[in-house]
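One chain, subunit A, appears in both complexes that follow, with subunit B as partner in the first and subunit C in the second.
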Partner chain A sequence: MLNLALVCLFAPLFGFVVQYFLGKRLPRQGDLFTVATLGASLVCAILLTIKALGGETMDPWSIEWFRPGGEGAPAWTLGVMVDGLTAVMLVVVTVVSFLVHVFSIGYMHGDAKYANYFAWLQMFTFAMLTVVLASDLMLLFIGWELVGLSSYKLIGFWCEKKAPANAGRKAFITTRIGDVGLVLALMVIAAVVGSFDFGKIAAAVQDGTFSGPWLTIAGLGVLAGAAGKSAQFGFHVWLPDAMEGPTPVSALIHAATMVAAGVYLVGRTMWMLTPEVLYVVAALGALTGIMAGFIAVAQNDIKKVLAYSTVSQLGYMFLGLGVGAWHAALFHLATHAFFKALMFLGSGSVIHACHHEQDMRKMGGLWKKLPVTGTTFLAGVLAISGLPFFSGFYSKDAILSGAYHRFPFLFWIGLAAAVLTAFYMMRLFVMTFLGKPRDQHIYDHAHEGGFSMQMPLVVLGILAVIAGYGAWHEILLAPDTGLVVAGHHTVGDIHHFEHDTATVAPLAIAAGIGGLVIGWFVFSILSAARLAALKRPLKGLEWACSNKFFFDEFYREALLKPTYAFAAFCGWMDKTGVDGVVNAIGRGGLRLAGYSGVNDDVVVDGAVKGVGATALAGGGVFSRLQSGRVRFYLSVSVGIVAVILVLLLKKSL
Partner chain B sequence: MLLTLTVFFPLLGALLCLVAPARFARVVNVATSAVVLLLTIAIWTQAGDLSTYSANLEVGPVAWIKGFGINFHLAVDGIGLSLLLLTAFVSLTAAIASWKIEKSPRGYHAMFLLLLTGMLGVFVSMDLFLFYVFWEIMLLPMYFLIGVWGGPNRQYAAIKFFLYTLFGSVLLLAAIILVVLKTGTWSIPEITAQASALVASGSAATILGASGLGLAAFIGMFIGFAIKIPCFPFHTWLPDAHVEAPTPISMILAGVLLKMGGYGLIRIAYPFFPTAAASIWWIIALLAVISIVYGALVAMSQSDFKRLIAYSSVSHMGFVTLGLAAATTQAVNGAMFMMLAHGTISAMLFMIVGVIYDRAHHRDIDRFGGLAWTMPKYAVLASFAFFASLGLPGLSGFIAEITVFVGSFASQIDGFRWYALFALLGLVITAGYYLITLQKVFLGATPEVYEDKKLFPDVTGRELAVLLPLAAVTLVMGVAPSLAMDIYAGVVDGFQSTMQTAIEVAGVIR
Partner chain C sequence: MTIGLNAYLVIGALLFSAGVVAVLSRRNAVAVLIGIELMLNAANVNLVAFDRFVSGGIGGQVFTLFVLAIAAAEAAVALAIILNVFDAHDRIDVDRVNSLKG
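Right after this comes the complex of A and B.
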């Protein structure tokens, strides 16, 4: 298994290195080569998963990296392992990434940086595989930061334009603020446990050496890191902006890599999260879910709707983790990855067909023109709405069951978010695919992409329907396998909630269907005038939602501007204050010594001439030093030392 | 013998530069620097056990100035060796970067090599007087290299550099004289042994007795070395010196000279006065944290590319001070690692600035834009250096930062961890100013001025010869940190155990 895991991990790294340096010279600029390396990863991931389904797992295998603590102390290790959770993530990451690679062949065709694009896709995948394969927090953090780098590069891929470049920077810095928490967790864990190995940390948690406030602080640190990458409430601002990247990259970020990393991290370290931390996780998740749902309703850019939908679904997953429905949250992570990747690639297909038009107000009626995209997209809409027999139903229902048993209040918020989800998804579908074309020109030119763009849609469409079937998740994500055991009896409450057929399931189904029907009614049946009349009393809400509750504005005024202002103040202070004192002392010293009349130019230029002359004369540099101010400085220093010497000698005599 | 040869070999080169035809001076410089690098590698292979002074390489002690008991005494251990390697390596890249110096090249290259002798000598001198001589020898060529070959405001910068460091030197010399008068020896290992023995006996007194004199001497030394590092509030000479210095000299200044401050602390100030250092740990930690955060903030406010990099040096070298003050093995190893990592990364960064200054003749970040399309390779190398400096895993800066963070949080000193926490702010601010700069200079639309590929050619072979080796070392140190850390870790163990006892003795343990 180790060899499979290592091939799975390093194939994309190999792909990155080759593609980055040689990509342009490879046949077809290396696109098929990167598809092949990722295919190798995919095959390994599937083989590993088959083994994991058979109950076989791989214990952590690690190498000694270096010994910052000296000879006696334990070395920092880097290790990989495969358990059920890793296997699920491996499949999700490699499948989505593989399909994104294939889709990109068509979507990115003709781009000036075509080869470079595939190189970074490889790096992104490698970074994410590092995160999920790591058996210690250090290696996970390394992958984590490389995920940040790759997202910076890919979100800002079209960085000759200002908006993508800004978006890439915003993603990197926002997530880095969260990363500070993760570094803090690393610091606490190193100080208390002395190792980053998951097994050792878990053991320390279990035997009580790692407990109390430090455990909570470390947990909050982990949560901050996860919230940053997974765009939870407050940190979510980078994700919609990240839409500036190429659409296949959005699919990758939203389904398999970046945002999944945060949920995965919380899931992976669940056993060290204290009840207080888990409560924060749940509350944060519920808040994120409902907030993003409201914003999504008011967006007109097809990708922005999907972006806020992701934020909302990530909130769901956090809610699931926070209530202890570990299995359900990670199950939802997997199913969501498939149907969200599907919808993003679908939106990519739509945008491609509409000549890079993203405004849904200019679309409509595209079903006829894009039957494959439309059909598969509908599967995604039904899946995310939680309709029975679609994959999203099973995972969403499980999360809601958990919330219902643990924090009923949060359950109702989650249910409201479910209605919103179905509502805005139907809105998106109606505006894009149904009704009459709003822009005839765009409509006339719309056409399906080639095989490389349709194949991924079909595969993901099938997955969106069937990913919830079978018992794979019961086996791979059973809470009593793998590392989770270590925490099962300690801090993290992990429950395996049975699907509650009596109350939760009917409510969840009703929420999904209700949202879809209302959405269909409002946006498809109602006339424009009736719709406007209906909206009137909600004007304030719509205004706030379409402006995303003013988070960006708030951060700009309350964080960015003050930081820049403070930086400018520090710069000014350094020049006039700190350096001003230095200069004043310097001037004062010179004046005291009676040298104030001497012009710098005379002295140093004298020295310049001196060096010039001595370079010709050779060897005479030092005689020149005897002149000018330098001699004065030297004599002052010697004088001071002489005085000290005399004083000391006197004392000792 | 090998040590003597290594230290004084550049002097031969310097003399050769003065007599050789002007156009050959640069060849002499590069060749001499290359030989010095080979010699330091030879030292590495010969040294054997690096955790202590290598006996088979030790030179002296030979009586030098008999009346005062001053000896000629060179020796090398892991810390000295790692810095020798850094010095030789950075100097070679800087020598290659000096290829295009046109103003009196003989004088320049001779000064350059004289500087190299001074720097090498500092890291291997075991006699305080000899140490001080090399310390001062270095000052003069630096003064001229800035004052003669520098930018428009070079006189001011050179004088300021000279005065400021001389002020530090005087404090240092005064403290040295106090120590020598009391202990009766100039030998660094002997004084260190005396001080360790004193601490081990459980005495809170210093080698200068129980009075406050020891503390005063430590503060004097600390200021002397803090100016070199440079640590807030003694840092303001650095931006001026960097801005005016020619590119290769900036590389040396950031890459090697600043390390002499850190070296002085770890070799002299702390080992001589461990209890004094422990007793005022919070002042040192505070200055270190201010350097990290404030340095980053000031960097953010700069519009001059070179000033920005200079302030980032202030910020990053703050980790050295912080790590030493924390006095755990991890933190001190991290501090040493930061010296080596910052040495190569900052040399690379200053070369990056030099490349664009050569072409654009200005360094105003706000006036650049879109250079990634005119100079793609250059943009890649610059991003590499930026990300290395902001601590991307896989590159050396990350190892340095994470070990210092982790190590200083685990400090045995009561209350130290809050300083470590505060330093975390630097992570975000650093990412901020580097990414903003990256965007302003390299991304976005290209202003018309920078579109001409003739005026803005991509990095040349010579520039690549400077940048690629620095990048390679940055990568290797980031992937396999033990290659560098194993050189000096044994010495750090000894340093740490003394400091550990001193923390207990000084009563600041948690």
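Right after this comes the complex of A and C.
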């Protein structure tokens, strides 16, 4: 089992390394190669799931990384483990990633950075698998940041344009703000428990050594990280902008996997979260769900609608986690991954057919032109709306019944969000596929993509319908490693919700069908004039929704502008204060050097040159004596001898 | 009047002075050489005189012989130099031989 897990994990990393450095030289720029490495990963994931379902358990396997406290201190380890939750996530990640790879072959055909694109898809898959397989928070965090990096690279894939580059930055920075909380939680855990291993932390929580405010702080930190990645209320602004990336990337990262990483993290560390934290989780989720639902109704960009829909569904998952419906939330994660990936790939197919037109107001009537896309998209719409017998029904229903039993107030919010979901999904479907073509030119040129684009749609369409029948509860809880529900909830709690769906199911079904019917009626039957008349009293709401409740504007005014102002102030301080001192010191040095130079020129050089000049002058005087006339020399010497003689004689006399 | 030591010394002094004047006043190298010989012989006269009147013995005469030998050698060397100077300058004027001046 360990070997399978390791192959599953490292196949995409191998793919990334080879593709990144050699991709352009591989046949077909390496697209089939990356599909193959991911296929290996997918096979391993399925085999692992089968084994997990068979009750086989894998002991967590880890390597020691280092001991921050020196010899004898608890070691930090990096390890992998496989339990039911991991198995489900593995399947979701590898299946969606595999289909996105295949879809991308058609969608990205002819792109200048074709090979590079597949390399980063591989990197992302590796990072996501690291998050999922990690048996300790440290390795999970490493994968977590790698996910952020590859997301940044892929959102900004067309970075020569301004918008994608900015969107990539926004996504990276926004999620990083949430990650500050996660790092804080890691610090608390390191200080209190001394180990990041899930088993050790869970043991510490159970025997009471890790409790009280510290546990709450760690839980809130984890929640902040998860909310950042999963684009929860307040952090959600990056996700719609991330739609600037290639559409298959949106399907993989911003619908199915990366944004679900936050849900996975909370699900993985559920036993760590105190009731207060869980309440925050639930409230945050419900608020996110309803808010994003309202915004989605007013969007006209097909991908933006799906993006806000994703935010809304992620809110649902948080609501599920917060009310303790652990399995329901993760079940919804899996089904949502399939039908949202389906709809994103479907929108990719539409965008591809319409020559990269994303405005729904220019579409319409595409059903006839794109039968495969339209049919599969309809399956996705029905699934997300929670129609019975579609996958979304089972998971959504489970979450709602959980909420009904714990926080009835949040249940009603969730139900309202369900109506909204069905409503805006129907609006999207009607505007895109039904009615008359609004732009004849686009309509005339629309065509279905090739096999590589249709096959993933069909597979995901089937999964969107049948995924709800899977034995998810059994798989999720399969080999009970003791980690899943160690804290405040028991297995009994979870099954408790399951048996109560009967009370909630009719309401949920009514909400879904109601939303769909209203949507169909409003956008398909009503004439444009009647629709406008209907909209009039809701003008204020529409204005707020279409402007996304002014989150971006608020952040710009409240956070960015002060930041820029502070930066400008710091710059000014630097230029006048710090630079002033530095320049003054420089000027002083310059002046000192000037004095030193004068001293050097005048005193030192003067002395040296003076000696030279004196010697020269003396030489001049004496060289006159060296006339070369022998007789002159002799005269002098005779004269001197005569003088000496006179003096001697005088003395002796 | 007896001829004593003083007479010899006066003769030596006159000879020496004549040699000095010749050396200093003549530009012809040969004349200068002759002047030098005069000065050497003045010294010889003094040596013989002191030997005869003061010390007694033959030391002074021996010195004189040495001086004569050295004078002969010196004359040979000097004449050789003069010959070379003549080759180089076509004359033997000592004032013209000044290429070593500073």
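Throughout what follows, the second predicted complex is superposed on the first by the 549 of 653 C-alpha atoms of A that agree within 3 Å, B and C clash if a C-alpha of one lies under 4 Å from a C-alpha of the other, contacts with A are read in each partner's own complex, and residues count from 1 in each chain.
What we mean here is this: a contact is a pair of C-beta atoms (placed from the backbone, for glycine too) under 8 Å apart; a residue touches a chain by one contact, two chains touch by 3 or more.
These numbers were taken from a predicted model, which means no experiment stands behind them.
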item: Which superposed partner A:68 touches (first subunit B, second subunit C, both, neither); value: first
item: Subunit B and subunit C footprints on subunit A, overlapping residues; value: 625, 629-630, 634
item: Contact footprint of subunit A on subunit C as seen in their complex; value: 20, 23-24, 27, 94-95, 97-102
item: Touching residues on subunit B, where the partner in the complex is subunit A; value: 15, 18-19, 104, 106-107, 110-111, 140, 143-144, 147-148, 154-156, 158-160, 162-164, 166, 169-170, 173-174, 177-178, 181, 232-233, 235-237, 294, 297-298, 300-302, 329-330, 333-334, 370, 372-373, 387, 392-394, 398-399, 402-403, 405-407, 409-410, 417, 420-421, 424-425, 427-429, 431-432, 435-436, 439, 443-446, 480-482, 485, 489-490, 492-493, 496
item: List of subunit A residues in touch with subunit B within their complex; value: 65-71, 73, 141-142, 145-146, 149, 152, 156, 159-162, 165-166, 169, 172-173, 176-177, 179-180, 183-184, 186-188, 190-191, 563-564, 566-568, 570-572, 574, 578-579, 582, 586, 600-601, 603-605, 607-608, 611-612, 614-615, 618-619, 621, 625, 629-630, 633-634, 637, 640-641, 644-645, 648-649, 652
item: Interfacial residue positions of subunit A with respect to subunit C in the complex; value: 622-623, 625-631, 634-635, 638
